[in-house]
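Have a look at the structure that comes next, please.
Letters A, B, C and D name the chains as they come in the text, with residue numbers starting at 1 for each one.
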């Protein structure tokens, strides 16, 4: 095994590294805000810490924001998560995106969140933007019944063939639980 | 009374019967194959930080294989729907048969004119090439080639077996066997030709009686033949036809019970017969002994080859079919050609 | 068929094969498939399409999380990958601690890293073993499991269980490191160091294994990023990414280690990454047992709730943390947290959403193997049928972990 | 951040080196065949004693128990349940569900539950897996159905062999 050093990033001295760290703290919000102004669509950017940020977006603008995020260096989707809110009859869909190529962005996870209603549970698929959303979108489709339009292979993934029409991760699908006592009803 | 005993002795030691049925044929061969499988499991276990067969019998579980064989043999034979039952049942018999039949042409020793139990057959099994009798079921002066000629039919019946079971995994395995046979047959044949050229004969007995083991006279041919042997009999690293993690058990996938035993036994018998051939041609065979002790020497040499080839399981994984083909044509074919050149040179300068 | 390609230089994908199409159902009762079915569409020997039929070992962890309280989930989340249970446990606890706002004492942080690295070695050995048996190399399989046994023994001494450790709890860890265990770990490291050259001779440098792994399942850097590969598979493709460096958790910001990255992106590079990681992990463990600070192993907030008599009886004599009654059912504040850890197979992400009740409102668990599903399907396209198992093994895809 | 070092493995495929690697592999195999590092046990002739802190089967001390139900509350697998037994609230356990996480033992405020080192247990039916408080109150004792004596050993990490077994009293 020969270990060949290749593509060394410039080694920064201690002091400069600290400065870089301070700059980096703002770099996420700076980048996101830059993107926001350039985008010209209503998005709600919230930078929670140097490592986490949330972007709330309407579903009609989801694709455009995703494209913009991709263009500033977010290159993969970590998770596609849906949350069911039965009181408001909506689903919230969260894309957690981050970067492999950009070492600064790799330290962050940006949550791209959007809402869909029970009545029209469709979203544009982000598979054309990030291929890595493939598995997550398929799973969200089968578990919540949210359709991702434009997904190349939107079929059930984990469930049995006889699970048609039932969406097990919705809150309306109840799991039976037991009480603490065997001889008294829970 | 004595006459009857004499007659029985005559029949038992009649080389054709003795070689094929008793030693080193069916009975000795069958027991040895069981031992070889036990050895394979035990040696692999030692390399692999395990114990291996242990409980059946007191001596390292040596009866484990017998127990397993009985268990498998008594299992129900399931004949899948959609196959020709006759063909399905007889198909696994052929590979076994054709792995075993080449033994008929292989001399396993020479008969001195006097002093051996075989001396009575000296004249009927006389081989003019070595000027002695040979212990062989069918003595021929072309035994070097005759063995291979019969052995070459083996893959055809593997394909037949897979075809008869109507299973996709079996078919893929059969196709691999077909490809592979093209590769190893050429290698084996070329190394044998090299030997034939070097010794100026096609008679195994003459090769052995020359007193120079093939491995000394032509080490390249011996190496090529050994690799070909491993390939031909599906031992690791060329266990491509049965590749468990890909093809379940290849052509034997659908078989159960006794038929499974037959289907799987073929390759072990093949290894055994090839090893006997290898021991005779390249390891000096029975030389300088004759008669029965010579045959035992030959058997022991073959046993070492079989045990080494089953030991390779604990060292190697399996090659991919295209790699096996490419290696055999690209790396081993030049070696085989070199062995022929070496054979010509050796035959010209050294062995007269 | 115009110009004949040079037979000696072309590789598998360049060969014209007369189309003979067929399908093979590999699994779930297939010896080489594990708990999934791979629907393989073949064209001759070339795979046109491999479709993973996953879900045979689906435990619906995410749904069960809605009806279990936070402590109940600790054994549940580690079940999908019991051979990597420390990481599964750790990721979940990190998310939970973020919501609860708990500080973890230094010693517990070091112990978390220690357990995680031991688990990483054990898991990599397991993965190598599975790859070996896929290639027919039964010795590699047994050696992988045999060497793993040593590390499992160490984990058992530390946590009290072989694989389902449930070692990490909110605020700390359950058991302390004792001098006996330290000695065990030192011996285990020395043993493993001696074993690696043997491994190299019989497995890694074995020409047979090299032939099966080199240039098989090649994933370029761009593909790895686009498909969202994780862990050693990503690093085998030349992407420098490791959560331990980019978002240090536990004690990793205080430890010195390297991230092995290989350029080639084939199966052999992935195996190399794993072997190098085993060596790196041993370095980390050595540092930990040398540098581990003294102190509590549970956050003061919970530690104070343990009655002094019980502390004396269990913690001071046996180094064992007993739970305060608080753990039986607690309500973290409202909020959400996302945590990531570098599990043995790659990045493990938990998203935890709390509505203030004793049960999580939503737990999202994205395991490394889950993210490998897509990578596997893409890599299998155009490979030879025999390479399916080599790709499968080299990706270290673990069906229960993917199904969750 | 450290410097990024991208490695490459050795791609030398010289036929002679290949042959050498083959010889090395076979040699390694032969070495292990001659001097094996066996780590498996001949169970049940030889049986392993588990370390003292092993989380094995659980035993209840009925007289100590105060019936607080914390064990049933923390049980992740619904294995531990409370029951009314002789007028007292006591836990019962279903070993068909138990995952041996040891949470119940750790949370018990009076140490009425203890872990034993018993690990290998066999039952005739699922009903037997449910231990009522009386059964739960005893040490689980089951003799292994082996002729002759069972040799008890303890695993010790060894530098050369991985795991070595030493007799345990």
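As a working rule, a contact is a pair of C-beta atoms (placed from the backbone, for glycine too) under 8 Å apart; a residue touches a chain by one contact, two chains touch by 3 or more.
These numbers were taken from a predicted model, which means no experiment stands behind them.
Student: Both chain B and chain C are touched by which chains?
Tutor: D
Student: I need the chain pair with the most C-beta contacts, please.
Tutor: Among the chain pairs, C-D has the highest number of C-beta contacts.
Student: Using mean Cα positions, find the chain sitting nearest the overall protein centre.
Tutor: When every chain is reduced to its C-alpha mean, the one closest to the whole-protein mean is C.
Student: Averaging each chain's C-alpha atoms to get its centre, pick out the one most distant from chain D.
Tutor: B
Student: For chain C and chain D, what's the span in angstrom between their mean Cα positions?
Tutor: 21
Student: Round to the nearest whole Å and give the separation of the Cα centres of chain A and chain B.
Tutor: 62
Student: With chain centres taken as the means of their Cα atoms, state the distance from chain A to chain D in Å.
Tutor: 39
Student: Could you put a whole-Å number on the gap between the CA centroids of chain B and chain D?
Tutor: 47
Student: Chain A: which residues touch two or more other chains?
Tutor: As it turns out, chain A has residues touching two or more other chains at 1, 6, 103.
Student: Which chain C residues touch at least two other chains?
Tutor: 139, 146, 202, 206, 208, 240, 263, 272
Student: Could you say which residues in chain B touch two or more other chains, in rising order?
Tutor: Residues 47-50, 314-316.
Student: Inside the complex, what are the residues of chain C that reach chain A?
Tutor: Going through chain C, the ones touching chain A are 54-55, 58, 60, 62-64, 66-67, 224-228, 234, 239-241, 246-247, 263, 272, 338, 340, 347, 349, 351, 353, 361-362, 364, 366, 370-371, 373-374, 403.
Student: In the complex of these two chains, what residues of chain D are touching chain A?
Tutor: My answer: residues 1, 3-10, 69, 72-73, 78, 81-84, 92.
Student: Going by the contact rule at the top, pick out the chain A residues touching chain D in the complex.
Tutor: It is residues 1-9, 11, 103, 178, 180-184 of chain A that touch chain D.
Student: Show which residues of chain D lie in contact with chain C when the two form their complex.
Tutor: 1-2, 4-9, 11, 18, 21-22, 24-25, 27-29, 32, 37, 39, 50-51, 53-55, 68, 70, 73-77, 99-103, 106-107, 109, 111, 115, 155, 157-163
Student: Using the touch definition from the top, list the residues of chain A that touch chain C in their complex.
Tutor: Result: residues 1, 6, 51-52, 75-79, 81, 83, 94, 96, 100-101, 103, 106-107, 109, 111, 130-132, 134-136, 143, 157-160, 168-169, 171, 173, 175, 177 of chain A touch chain C.
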